[in-house]
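The first chain written gets the first letter, and so on, giving A, B, C, D, E and F; residue counts start at 1 in each chain.
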Amino acid sequence: MTDKPISRFPVPALKDLPEDIAARITTVQEKSGFIPNVFLVLAHRPDEFRAFMAYHDALMDKPGNITKAEREMIVVATSTANQCQYCVIAHGAILRVRAKNPLIADQVAINYRKADITPRQKAMIDFAMKVSAAAYEVGDADFDVLKSHGFDEEDIWDITAISAFFGMSNRLANVTSMRPNDEFYTLGRG
Amino acid sequence: MTDKPISRFPVPALKDLPEDIAARITTVQEKSGFIPNVFLVLAHRPDEFRAFMAYHDALMDKPGNITKAEREMIVVATSTANQCQYCVIAHGAILRVRAKNPLIADQVAINYRKADITPRQKAMIDFAMKVSAAAYEVGDADFDVLKSHGFDEEDIWDITAISAFFGMSNRLANVTSMRPNDEFYTLGRG
Amino acid sequence: MTDKPISRFPVPALKDLPEDIAARITTVQEKSGFIPNVFLVLAHRPDEFRAFMAYHDALMDKPGNITKAEREMIVVATSTANQCQYCVIAHGAILRVRAKNPLIADQVAINYRKADITPRQKAMIDFAMKVSAAAYEVGDADFDVLKSHGFDEEDIWDITAISAFFGMSNRLANVTSMRPNDEFYTLGRG
Amino acid sequence: MTDKPISRFPVPALKDLPEDIAARITTVQEKSGFIPNVFLVLAHRPDEFRAFMAYHDALMDKPGNITKAEREMIVVATSTANQCQYCVIAHGAILRVRAKNPLIADQVAINYRKADITPRQKAMIDFAMKVSAAAYEVGDADFDVLKSHGFDEEDIWDITAISAFFGMSNRLANVTSMRPNDEFYTLGRG
Amino acid sequence: MTDKPISRFPVPALKDLPEDIAARITTVQEKSGFIPNVFLVLAHRPDEFRAFMAYHDALMDKPGNITKAEREMIVVATSTANQCQYCVIAHGAILRVRAKNPLIADQVAINYRKADITPRQKAMIDFAMKVSAAAYEVGDADFDVLKSHGFDEEDIWDITAISAFFGMSNRLANVTSMRPNDEFYTLGRG
Amino acid sequence: MTDKPISRFPVPALKDLPEDIAARITTVQEKSGFIPNVFLVLAHRPDEFRAFMAYHDALMDKPGNITKAEREMIVVATSTANQCQYCVIAHGAILRVRAKNPLIADQVAINYRKADITPRQKAMIDFAMKVSAAAYEVGDADFDVLKSHGFDEEDIWDITAISAFFGMSNRLANVTSMRPNDEFYTLGRG
């Protein structure tokens, strides 16, 4: 454990939070064994917290052709490009757990082109990286590449929305200096 | 009016939408005289729609030291950097209306450093642009500049969150090829 | 109207200008109903004024396969990339008038890839943007793309020269803080 | 001598050129001992040729606080950034001759920060490079730096206009594949 | 363990290597418990191997004011910017071991500005990153910042040389697709 | 000759150098007629000097399909991109000598795409430039292009290693402000 600040903004105590937010945090704590700092940092703004979490769940928990591990790949690769400490560490941990692969998160973070993933997954990340860096240049040719790997239009919306949502999250985490929990560093390393 | 497609994804008919979404759209239509296309395009994904709108309202409708016109300046400047047709056109219109200034939106979009705005507003946009382009480099020196212009930490959270949220929105609009309504182009031009 | 300075450099009075320059300015004023500020700002340097206008006319008024509206598209798109307030506002107005289309200038400025223009026109702007950003990389492959859209070598010279000339103009306008006339903002919006 | 093409566009024969252009070319040939290729390449378009040369002379031959050698430094440094074969080779030769220094052109081209020039000249080139790469960011602070080195506002116009004009020239030379004369490579090397 | 290829080039068998190289590899294997792949990949070119290792040792094993952990910080930060799988993973492990800190390598890799390191160490990495990305812009002002943190000129040579040497190493590793040993991922995670 | 400093670090006297280093320097002096400054600047660090020279010789003197002139082309093109005064001037001279072509070094430096070299050589430099700027993106497609020009895998290792080694060298030269000898400027100009 560490006593370093987890945000440059005030962090509310659980007992001072609106009931629904406190309940959500308690649930995640019970499931994970600790409270991921993103919950405490964003709870400083309850309305934004609720919208953020609702958006997150809509993108990451919905069923679809893209596996949960693959969604985390998108998060890890784009968050590295955005140099987001919290997102790479926390979602790297989730990726290791979801993929049951202790090496994959570091590989995807540093240079996904060299990672132990499929060509289809590399195409998915290529697209997510382009959405992150130059969405204004995305066009039919990019859609065609994804389709040649078996993705359909709904999958492409998913990849886009995950890349875009975590791009927002990366910026919030960097400006708040959101600190990843120490627990995430070793989770899923086997 | 135009018959050009407003999205490369399916656009639901109002009557097929969940009641809460249809109600929100009806309200905005009554208020604006038309349905801004963002509502129809995002309604393709009801859960994401709800989270998006809740987040939007939490950031743009809350009270605070940053005026509504100033929030729109942030949107217009960062959306131009992200080359987002929908956001620049639609929020440019809102900026003209809120600032009661027919020139300001184009000025802020093209080169805010030359716009008819205050040094405080330029500092605010400088920060928003840095959040948009390189949030990982934001640090104490950037906070100090904003504070020297009278912004406090909560204001800085607002600027950050607005820049980050519309960065997400810009990416969604570019990949969906979200088309701005013709009405926005002339709104507020006096 | 506004009383904001139109240049950070001295602006000559009409009566103090050499006769040929005053005459040209009077002509444009009679035709447009106002004096576009570029004439007054550049008149600070009569010899440069004359060369600039001669170059402008040689490129923009000559006959050729590229319509006058298309030439303005090149100006608007590249001037936005160069963040030139004067050129985007003034030539955006001319583009709306020449194309008889109130939406086109804003579309071409923000993201021409999403504008209501033909694939041929998008290819033309792609090339102009490459000339503007990385002319050193232009090669046969770029010429081939334009030729596949029906442009010939003389057309390519035109596109190049217009992109290059307005790149110069954009830099002059930014350093002089050349202010667009208020009249341009609404011209051609129908 | 070489028989390599000097332009990818048609190059007119002297005898087919309008009289004024042929006269100018004959004059430069008598003075230099050869015809710099830029004259022949641009003569393909007589009206543009005339405007180009008038602009060039207005900027490079006028009196002022910036020496002729210093003007060539601006050309060489910015043309290297634009990777313009013709301009770096031809104006490098002129710079060597004007500065009576056989090393200076290569130094200024490769990394002017390490060249045997004064701090005032480095500040001048810093500004010219910013005009070339990001004129939209030029502001009062940049003017202040130049003024602290003894430049006045008119000098700053000169630096700006030279950087901007040769930025245009660089783009024309790159797209036309304008070939520098072999003579330039060794001129002024002592 | 993995049976994935460790290089896209042929990898020599230990028994086929020149004696001095085989001896060095045997020594490192005895010390580490495994052979770091960089030794096997580079041994494809014995002369380059010897020069590489001699250079490495001259920079990383020499005494000086910069601790061995700090040298590894330079490697990890610059190698992340160069997206080098091998160097970030392998030197991240060494950094954790040398700094006796299981969190530090990931922190330095993702965004060293947010890492649990001293302002002096951040200044050191700022400089190393500038050497890596834009050494041509390094000047007195950069030296002054380092000196204000207690570094002397010899330290600055060290930082420069380490950044430059691993920049070379990053490029070799990326083109050879050098694979980090699985062992490195968990080393020093405590 | 010049009395300008050749390094911002101390430069050892020949007589104070270790015998092997002094011997190497004497040899090069006898061969060239002068001591290239890189030898004196790097001799400040004898161990690094030895490794640097060993590496250099391993890459530049070994036999192979890539001629010595071609290796120098790689050095000149990538060193220009890194704005390295010493490397462009010194290796430009060597390139002129090796290629027996007084124009080639300046051409390759400024814009190799326009140089009087073969398509095969341009492909070689394209690859070297990508290794220099974005080695993390190098993949099979890049190898395939080189192979279509007759390069084999060992040649590609050579191109990579030369680009990477001189990238290191460029950074050392820029931070030490290594000054090219005046002699290099005119060597091989015919």
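Just so we're on the same page, contacts are C-beta pairs under 8 Å (C-beta built on N, C-alpha and C of every residue); 3 or more make two chains touch, one makes a residue touch a chain.
As the structure is a prediction and not an experimental result, all values here were calculated from the model.
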item: Length of the shortest touching-chain route, subunit B through to subunit C; value: 1
item: Labels of chains that are neighbours to subunit D and to subunit E; value: B, F
item: Interface copy of B-C among D-E, D-F or A-F, judged by whether over half of the contact pairs recur; value: D-F
item: Classification of the subunit C:subunit D interface as same or different, half of numbers criterion; value: same
item: Mean-CA-position distance for subunit E and subunit C (Å); value: 51
item: Between subunit A and subunit E, centroid-to-centroid distance (C-alpha), Å; value: 28
item: Whole-Å separation of chain centres (CA-atom averages), subunit C against subunit F; value: 44
item: Subunit D: positions in contact with at least two other chains; value: 83-84, 111, 136, 174
item: Inter-chain touch pairs (all); value: A-B, A-C, A-E, A-F, B-C, B-D, B-E, C-D, C-F, D-E, D-F, E-F
item: Residues of subunit E touching subunit D in the complex; value: 136-137, 139
item: Residues of subunit A that touch subunit B when the two form their complex; value: 8-9, 44-45, 47-48, 50-52, 54-55, 57-59, 62, 82-84, 131-132, 135-136, 138, 153, 156-157, 160-161, 163-165, 167-172, 174-176
item: Complex interface listing, subunit A residues touching subunit E; value: 4, 80, 83-85, 88-89, 102-103, 106-107, 109-111, 114, 116, 174, 177, 179, 182, 185-186, 189-190
item: Interface residues, subunit F side, partner subunit C - complex; value: 111, 113
